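The letters A, B, C, D, E and F name the chains in turn, as written, and every chain counts its residues from 1.
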Amino acid sequence: MTIETLPLDAKTTRALMGVSTATVTTVLLKKGLRNVWLRNTQPLAPGQPRLVGRAFTLRFVPAREDLATPASWGSPISTRAAIENMPAGCIAVVGALGVTDAGIFGDILCARMQKRGVAGLVTDGVVRDVAGVLGTGLPVWCQGTAAPPSVAGLTFVGWQEPIACGGVAVFPNDVIVVDQDGAVLIPAALLDDVMAQCVEQERLEAWIMSQVAEGAALPGLYPPNAENAERYRRWAEAQGKK
Amino acid sequence: MTIETLPLDAKTTRALMGVSTATVTTVLLKKGLRNVWLRNTQPLAPGQPRLVGRAFTLRFVPAREDLATPASWGSPISTRAAIENMPAGCIAVVGALGVTDAGIFGDILCARMQKRGVAGLVTDGVVRDVAGVLGTGLPVWCQGTAAPPSVAGLTFVGWQEPIACGGVAVFPNDVIVVDQDGAVLIPAALLDDVMAQCVEQERLEAWIMSQVAEGAALPGLYPPNAENAERYRRWAEAQGKK
Amino acid sequence: MTIETLPLDAKTTRALMGVSTATVTTVLLKKGLRNVWLRNTQPLAPGQPRLVGRAFTLRFVPAREDLATPASWGSPISTRAAIENMPAGCIAVVGALGVTDAGIFGDILCARMQKRGVAGLVTDGVVRDVAGVLGTGLPVWCQGTAAPPSVAGLTFVGWQEPIACGGVAVFPNDVIVVDQDGAVLIPAALLDDVMAQCVEQERLEAWIMSQVAEGAALPGLYPPNAENAERYRRWAEAQGKK
Amino acid sequence: MTIETLPLDAKTTRALMGVSTATVTTVLLKKGLRNVWLRNTQPLAPGQPRLVGRAFTLRFVPAREDLATPASWGSPISTRAAIENMPAGCIAVVGALGVTDAGIFGDILCARMQKRGVAGLVTDGVVRDVAGVLGTGLPVWCQGTAAPPSVAGLTFVGWQEPIACGGVAVFPNDVIVVDQDGAVLIPAALLDDVMAQCVEQERLEAWIMSQVAEGAALPGLYPPNAENAERYRRWAEAQGKK
Amino acid sequence: MTIETLPLDAKTTRALMGVSTATVTTVLLKKGLRNVWLRNTQPLAPGQPRLVGRAFTLRFVPAREDLATPASWGSPISTRAAIENMPAGCIAVVGALGVTDAGIFGDILCARMQKRGVAGLVTDGVVRDVAGVLGTGLPVWCQGTAAPPSVAGLTFVGWQEPIACGGVAVFPNDVIVVDQDGAVLIPAALLDDVMAQCVEQERLEAWIMSQVAEGAALPGLYPPNAENAERYRRWAEAQGKK
Amino acid sequence: MTIETLPLDAKTTRALMGVSTATVTTVLLKKGLRNVWLRNTQPLAPGQPRLVGRAFTLRFVPAREDLATPASWGSPISTRAAIENMPAGCIAVVGALGVTDAGIFGDILCARMQKRGVAGLVTDGVVRDVAGVLGTGLPVWCQGTAAPPSVAGLTFVGWQEPIACGGVAVFPNDVIVVDQDGAVLIPAALLDDVMAQCVEQERLEAWIMSQVAEGAALPGLYPPNAENAERYRRWAEAQGKK
């Protein structure tokens, strides 16, 4: 019923750790994908480092008093069971319908995810007991904080299904990159191609920044005209030789 | 993977056809269920009659350009395939994330649902080609109308799963009642009990309306105090004898 | 604790019955009042005629399960008690926080208001059992329709207090004019002055419309330059002589 | 400073009069244009017929009390002057920032537009004095109705400039098609190509509807598989011969 | 007209100072109260400590230019007068309709509240002159910051009345607990019972956290099954003996 | 086509550097201007100092896939060209329709603005590559951060035109003051008069704060009654003598 989690090879992870989410969106937009950045999800703590990992998805629907009860926390389809299925290194992506008045997880669930080696938590909802969550050290991207438990607004219905998160369709095993600008996904099928272009785009923009630092004007530089493209090509070549 | 559709017996249908959605919500609230009315879904045509039926659910996530394409309309997981699985008499409940700028269905899909004997369509999204949809005669409750196709904003991912629709959790086989006030669900497990209380509540409110028509003041009448409760009891008894 | 209702003299009512809400807002804006039109309140039935009357205010706060119960309908501070205090000819203005998923009133309460001679009901919330409400004949301006009872979303706390309705401050005894464009208030203290200017503004705009019908261009006509102002003055004078 | 209005030839107008806005969006989406349908604009009167015409744009910014005054109605940059510049047959598209509490135009301005032969008015804002506007007979698509004048919420700044309307970029001379589903634009540069494909798409969908009417199932029909595509080709050919 | 402020005994204050708002919402949800956490109100300064106190309520309605003027600041019903009525130790809860473009209070009013020993300020609106407000040392929970004065968007109408704040009904003398997760209320009538359960819930969750720290899995632990409940019981007993 | 940028004299700049945005809004409100504070724009970095400068405006409309492409970055009407036209000392005010899912500028464009001596950037949109933007040292006020490039949601159409920003009409050369409370504008025509009153208002409020610090109650002090006004007058006079 749910989709198996794939590993992400170390080379891909390493390459993407050097690429900003801004660059990923630029590269994907050039391929026609304009809706890959998850809205309403921000770093919970300042200075959280960039993360890269496969998406492990969780899905909520709205609360119904006959379903969303503290008793439901013990049912076989529960957030607890989902967490016990998360592989080390994955990024948990939780579709919470953008609900801001019920916290999906608090300190206990985040502590358990941390113990299991989950890389981080990304949601369009909020967390609760923020002091406790920060104490666990799990990196979290979310819309904010609320005291009430998830059952005050949400009913959990399953994991590793396609979900909506922040107005974006997230499928299990999409690759997530998340940094200070928030979370972006790379569709699994496009991974190798996107990764290569991202690395190149980062290098080009670093060169452009160096030119701006020296006082160059923008027109003809960003994007580069033929002359600047050639200057860049030579610089990149020289870089490669070092 | 998806849940089988249950029939709804004729006696239940008949009883609920005499009960307003307002009454259903009153009875469910007394049982502690405050979130059973689907927001953002209104009759598309004036004068659509009340409908009663089992929910057959469809689920969308947001559009992604690599997924939501006209080509996807031919895939095995498609709105087309979902429609061919709908049993006669069901009410299709489509969770469309409240999206108002992409129509989930147009004239062709609605015509096919009508042909298959689907009782009606309820969604928190919108339909397209409204003139064509009205022409099919399928009763529709929705948030309005938009020209663009579903793939401009939505990706279809499955049917007969738990969904969010209008801020309410709808499960396959919940019983839907829909009228001029919109759509309400009755959890399958509570059906018999709720039905009985609804019929009684309708009768009580009819008696109260008759008293107001004769000039009675509200305090002590609605809800009835002991004296009025007794007067009603006698009237109801007399009604029963006729 | 609550403010007494003042009557509205027949001459004022008659004069304002000939003035559109659009004209009232134009006249008030010239006096510096830009926030007098109630947002989110529209005619429930097509063709409801213009109404003029004193505001009789009702105030809700959000629902709390320990307060907003069916039992609360029998308490001394209840919508029922408020209705029994409404004088004939008033316009009930109900501040419902813009809540759209709980109906403030249904058929029974509207029927009682109609019986008591209440001129109409204006709210930034919604009504329930819309078929029943339309059956009572009470003119209603609201944001729409919802099945759930008020206690699903709101707690009633009092009447004839200052309220917020549609983003506007409404005080008991403000004069309400409501037509196809919705509801506008005239502060009691400004009534006579505003009324006189409204009557004049309506006459001026009627003359301008007659000029447009004859093919006149807008610049210099609306608003009138000196020449057109003089032409209008002569026409108005001639009108006065008839 | 402003862009000149181009005429629209009679053949194009005639062809597009037979094409629904739903079809236009389908054809444009296949070309990668997903944001061409104006949100928040609906027919003011039921049964308004489809219109086709060049966009004549008007632009508002928010109100500022030192600028948006009744006196400003007489300034050279005014809605009055803009209207006197509208050519017969154009569709006025007014970017009103989605403001719903100040009416952009009332009866007088709409009457003048009607006199000048303007085909229709499309806005993401609202109109005022709705009874008067309906009386002028000008077809209007808007978000609703409000009593206050434009200066209560908006300042007019120019015409025939690029504007935002309903979340869509509208440029002067884009071709507008508007019907019961609202308004869609066709970029001027794509007009001929889009028109041809729209006509063909309408014919295909008519054939599919005829098949559904005869009981055909959707998979393989919509979109057509090879067999159905061939059946359609033969039917279309036969149609052509008649 | 307004309700007298009750004191809060030291024992209750002390007990609740050890309880998180998350725990209060969990306990109240088990009693059927799902709407007790105030939306849109966050700590203004990082690290503000938890506060406990009786609610002293203030109520605003929208601005009206004839009422909301700088002159109104001197009227007997003013925010100034309200502040002079606040008892030491209370928490001022200000219903500001969620308005984010007019600051309810600035440095002067906050300085005076601080002088009077008010424990803190909670609002669903915003404050102005944030640098000045932070300088007063008054702990503030709000939706953010805006430069304009309250009269640009709000009219003050009274204190110690039932109010709406953050979508929650707050009554004078409800007990407020506010920390990093925001503000929650405990209805006065439920105080003793809720307090006792909160203390117990905090202890249980501390034990569960200790188990997670040792590597325990969640199912059967949170909530505890019979075996874990027994283990906890023994631990708690042992704790009690220390 | 675009409006020339005026310089701002040093004396005005110096005077306004000592005035808070809160005070500017108070003074403008007394003149009847209630809509001068830009919504949805906050300091990107903590502790950004107050800035004063002329507005240099930029205008976006929504994205259209045929217009908003990476290729468009090289067109003559581009954000790059706009930046090259900004004079030193101006404050760039960018109307971004409140779009939060596409960053208007990233590190490269901000670095270039910084190089050109632009004083700061104010927008109702968001920036991208926030780490890079902070690295440039350009002071930014915005609604937040998003990874996608501007063309994912916006099309740039011009500079030095009247724009909407944060629900406020901004004209080229309006004077902007921006601090921790956000950005406010002073219409160019009112500059000298407003400046003088602001300086006096700041002095009065400083005196009131000193009185509150000494334990004075608010009524009669803020605003001052005759006695306190006289006390202030004497204090101000004494100040002047020092």
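As a working rule, a residue touches a chain if its C-beta (ideal position, glycine included) is under 8 Å from a C-beta of that chain, and two chains touch if they have at least 3 such contacts.
The structure presented is a predicted model; accordingly, all values stated were derived computationally and were not measured.
Asker: Work out which of C-E, A-B or A-F repeats the contact pattern of E-F, with more than half of the residue-numbered contact pairs in common.
Answerer: When the residue numbers line up for over half the pairs, the pair is A-F.
Asker: Suppose chain centres are the mean of their C-alpha atoms. Which chain sits farthest from chain C?
Answerer: That would be chain A.
Asker: Determine whether chain A and chain E, two copies of the same sequence, contact each other through the same residue numbers or different ones, counting it as same when over half of the numbers at the interface appear on both sides.
Answerer: different
Asker: Which chain's C-alpha centroid is most distant from that of chain D?
Answerer: E
Asker: Report, in whole Å, the distance between the mean C-alpha point of chain B and the mean C-alpha point of chain D.
Answerer: Chain centres of chain B and chain D, defined by C-alpha means, are spaced 33 Å apart.
Asker: What is the distance in Å between the mean C-alpha positions of chain A and chain D?
Answerer: Taking the mean C-alpha position of each chain, the two centres sit 39 Å apart.
Asker: Centroid of chain D to centroid of chain E, CA atoms only: how many Å?
Answerer: The mean C-alpha positions of chain D and chain E differ by 50 Å.
Asker: Between chain D and chain F, what's the gap in Å when you average each chain's C-alpha atoms?
Answerer: 36
Asker: Scan chain E for residues touching two or more other chains and write them down.
Answerer: 32, 34, 36, 63, 65, 167
Asker: Let me know each pair of chains that touch one another.
Answerer: Touching chain pairs, listed by label, are A-B, A-E, A-F, B-C, B-D, C-D, C-E, D-F, E-F.
Asker: Flag every residue of chain A that touches chain B in the complex, lowest number first.
Answerer: Per the touch definition, chain A meets chain B at residues 1, 32-36, 61-68, 97, 155, 157-158, 161-164, 167-170, 187, 189-190.
Asker: Can you tell me which positions in chain C touch chain B when the two form their complex?
Answerer: Where chain C meets chain B, its residues are 63, 65, 70-71, 73-74, 78, 80-81, 83-84, 100-101, 103, 106-109, 111-112, 115, 128-132, 144-149, 151-152.
Asker: What residues of chain D sit close enough to touch chain B in their complex?
Answerer: 20-22, 24-26, 29-30, 34, 36-37, 39, 42, 167, 179-182, 184, 205, 208-209, 212-213, 215, 217-220, 222-223, 225
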